[in-house]
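When the chains are written out, they are named A, B and C in that same order, and each has its own residue count from 1.
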Amino acid sequence: MEMLVPTIISALLMGMLFALVALGLAIIFGVMNIVNFAHGEFLMVGMYTAFLTATVFSIEPLLTLPIAAMVGFLLGIASYYFLVRYLLKGPMLAQLLGTFGLMIFLRYLAMCIFGPDYKTLEQGVLIGKSIKWGSVVLSYPRLGTAVLSLIAFGIIYWLINRTRLGKALQATALDVEAASYMGIDTERMRGLAWGLGGATMGIAGALLTNFYYVFPTIGILFCMIAFATVALGGFGSIKGAFIAGLIMGLIIDLGGTYIGPHHKFALVYLTYFLVVVFRPQGLFGW
Amino acid sequence: MRTLRDAFSFGDLPLVERIGFAIFIMFCTLFPWVTKGSFDQAVMIQFLIFCLYGLGWNLIGGYGGQVALGQAKNVGMSAYTVALLMVWWDIPFWLSTPLGVVVATIESFVLGYFLFRLRGHYFAIATIAVSLVWQQLFINWDLIGGARGVELPLKETPNFLYMQFASPIYYHYFAFLLVLAAILYMNWFRKSRLGYQLRSITSNEEVAESLGINAHWVKVKAYCITGVFAGMGGAFYTVYYNYIDPFSVMHLELSVMIALMTMIGGAGSMWGPIIGAMILIPLDRYLGAWLGGSGIIGVDFMIYALMVMIISAYEPKGIWGIIEKVRARR
Amino acid sequence: MPLLEIIDLTKDFGGVAANNHISLEIERGEIIGLIGPNGAGKTTLFNCIVGYHKPNQGAIRFKGKDITGLKPFQTNREGIGRTFQIMSISGDLTVLENVMVGSFCKTSDRRTARQEASEIMNLTGLEQDAEARLTELPVATQKRVGLAMALATKPELLMLDEVASGLNPRETEEMVALLKNIYVVKGLTLFLTEHVMEVVMPISQRIIVLDGGQKIAEGRPQDIANNERVIRAYLGEKYAKGRRDRGSI
């Protein structure tokens, strides 16, 4: 039982990152009602970007955040303009398998370039350090990641709810046709949604690199976590994504501690399952 | 009788398609006599297995429009049933295969029954989730070999009961017969009530329900048939390779490959899966053999992924859709 | 025994009663018009009968059998056919194939289904469009395809949702003529939902008026046209008052 408190705290910290990961998916889904299967791969790209810039130029991993965000942003925009724009005209099958194709492409591109090996960062301000506080031991990377995730989440929340751009984005989400009558360039807004989604994942990836392995197939895992989180929070709800992210952190970490590390991700799938079957609108959806 | 006549009658198809089908049959019949290379023959058998998978997936994915990404688990369950029954109790192929197919079908039924409450992407994601759980389970389940897989004991002499032959020709013809049966079934299916109902559900589920169609039940039925096809494929795979492991028959990658292949060839059309397999399998094997030495992995998947992206963006009906468009223009 | 009987039906969506204690009866062989301004609860009532909504309270009986809460495909099998206001059918089914899907409701034999489908297409004037895709056709023809699909399931009660919406006056006239013809040939009972009064008046034998989720009037078309409450519901308080002041109807 004495493990419980540290586990919960650690889980909530991890949950902040999940919330950020889910946020990216929720933005894209909210604005255009399409599910991005390549979401996890955006994270993977963010991770490799951070890993490479940090090792090649031997700079502090945290400083790679803007670069990873930029790469993610460009990747998102490119995905929209070169692929998703055309997918939207097709049937459901094409929409789903189209972004799925993007996922496979990025995944194996990484495999070709970097090989299947697991890589870790060894040097950085946060890496390998921890703080002890009574019986509670908190690792710096998790703490730092949580704080930065929270900040990133806050910035994006502010961007969407408090700026003109965000209002235009929301208008596009509500009704594309009406928004275009109001003089909003909806095409640009949709591209922007993908850009924002990508940037979010770039940041999340760069943060994750501080305490997690980098490998080409990591995407699917986080993609599934993101799907489960977004389903739990309600597709398209930002507030929902945040709270669901925390819950998902608890499920994974408590499950990993008390049920066994092999099964912790099975719990993610189970959660997804139960939510979509019994409460398809999620906790905060309509 | 009428069912049989429907299955064997290709009369309603354009002449070009009938000629194409005849050429396909001739090619598959003569292939083992024309080539002597064992690698080519292995590729051919692989092609036939994937035709079978693709024809099955086309039912739920193409005609039914449901993005089911979990055929590998049906393949795997049947393959494991056949393999384990032989390893544990020495049960011959011809007895274990029906059992394997039944296991695969039951899994389809149970899963379909629950999952078809979900629509669109919810369903697609759920099938991936289930696949990942099964994959994890099979890799960690020591009783059935875990990650090491299962190796079938070899008989001293070629044995028809256990489908162990000295020459790949026998496997070739057996696989070819399975594919032919599958094509005949699909030929019946596209004209059948089930086929019409499934296509109607794909075009608009609400309208279909208003026409007295129990959409949920029709989807479950179609998913079960997909499971039968996968189960047959899995059983054959086992005796052909004499070795299975969770990575070859249970893996999400297999499901993905089947779906992508059908999509590229043309989902929802009779010949689409065969065209898809015809392009992708040789590409995969020969490219794999060619790049094998250089240690580059994943180029094949990248090529499929590119093709799928291009096709979903510009021609969701795949290569078959392009062929039909060209034909309509003339 | 009435063909369709609705007893004290209530359906609310989150506290807002879209249908409030509605009761009505339809006899076999009648043509009934259900009218009311937008938001009166027509569509909700329609959807409760065909099974897209489950009523919170009350019962629906068809041929004496309780069909409350049955799913749409079940009510169809009981003998209730319906058309859609807007039918967005994608995919590559041709008109003939779509109608055949309807026929497959009652037979599993392809030849029978095909035979029946072409008969119905002759009746609805779709002979020329058998090989067309629905999306390629003009709205008026799409409506007839919807009608043909519903007819192919051999309903006893045919429910028509805004069958004239999107049609010009000439097409509306043709549609009314077609409905009359079908009514005679097939011996159906018709139940039309419309918010345009001009469409239901010439064809209906009896009209039911909804407003604010409640049944406010029921009777022969000419009586309904002169009913004060109906006029008020449609045109607003002011107009009805003005008419009363002038003392003319």
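Assume contacts are C-beta pairs under 8 Å (C-beta built on N, C-alpha and C of every residue); 3 or more make two chains touch, one makes a residue touch a chain.
Since we're looking at a predicted model, the values are computed, not measured.
Chemist: Just tell me the minimum hop count from subunit A to subunit B, counting one hop per pair of touching chains.
Modeler: Contact-graph shortest path, subunit A to subunit B, evaluates to 1.
Chemist: Based on mean C-alpha positions, which chain is nearest the centroid of every protein C-alpha shown?
Modeler: Of all chains shown, the one whose C-alpha centroid lies nearest the global centroid is B.
Chemist: Going by average Cα coordinates, which chain is farthest removed from subunit B?
Modeler: Of all the other chains, the one whose centre lies farthest from subunit B is C.
Chemist: State, to the nearest whole Å, the distance from the C-alpha centre of subunit A to the C-alpha centre of subunit B.
Modeler: Each chain's C-alpha centroid was found; their separation is 33 Å.
Chemist: Could you give the separation in Å between the centres of subunit B and subunit C, each centre being the mean of its C-alpha atoms?
Modeler: Using C-alpha averages as centres, the distance is 44 Å.
Chemist: Could you put a whole-Å number on the gap between the CA centroids of subunit A and subunit C?
Modeler: For subunit A versus subunit C, the centre distance works out to 48 Å.
Chemist: For subunit C, jot down the residues that touch at least 2 other chains.
Modeler: In subunit C, residues 90-91 touch at least two other chains, as defined above.
Chemist: Going by the touch rule set out above, which residues of subunit B reach two or more other chains?
Modeler: Residues 65.
Chemist: Scan subunit A for residues touching two or more other chains and write them down.
Modeler: Answer for subunit A, listing residues that touch two or more other chains: 91.
Chemist: In their shared complex, at which residues does subunit B touch subunit A?
Modeler: Residues 61-62, 65, 67, 69, 114, 117-118, 120-122, 124-126, 128-130, 132-133, 136, 140, 252, 256, 259-260, 263, 267, 296-299, 301-302, 304-309, 311-314, 316.
Chemist: Could you list, by residue number, the parts of subunit C that touch subunit B in their complex?
Modeler: Within the complex, subunit C contacts subunit B at residues 50, 52, 71-73, 76-77, 81-82, 84, 87-93, 97-98, 100-102, 104-106, 108-110, 113, 149-150, 152-153.
Chemist: Residues of subunit B touching subunit C in their complex?
Modeler: The contact residues of subunit B facing subunit C are 2, 6, 65, 191-193, 196-197, 199-200, 202-204, 206-215, 268.
Chemist: For subunit A, which residues count as touching subunit B in their complex?
Modeler: Of all residues in subunit A, those touching subunit B are 35, 83, 86-87, 90-98, 100-105, 107-109, 111-112, 115-116, 216, 220, 224, 227, 231, 262, 265-266, 268-269, 272-273, 276-277, 280.
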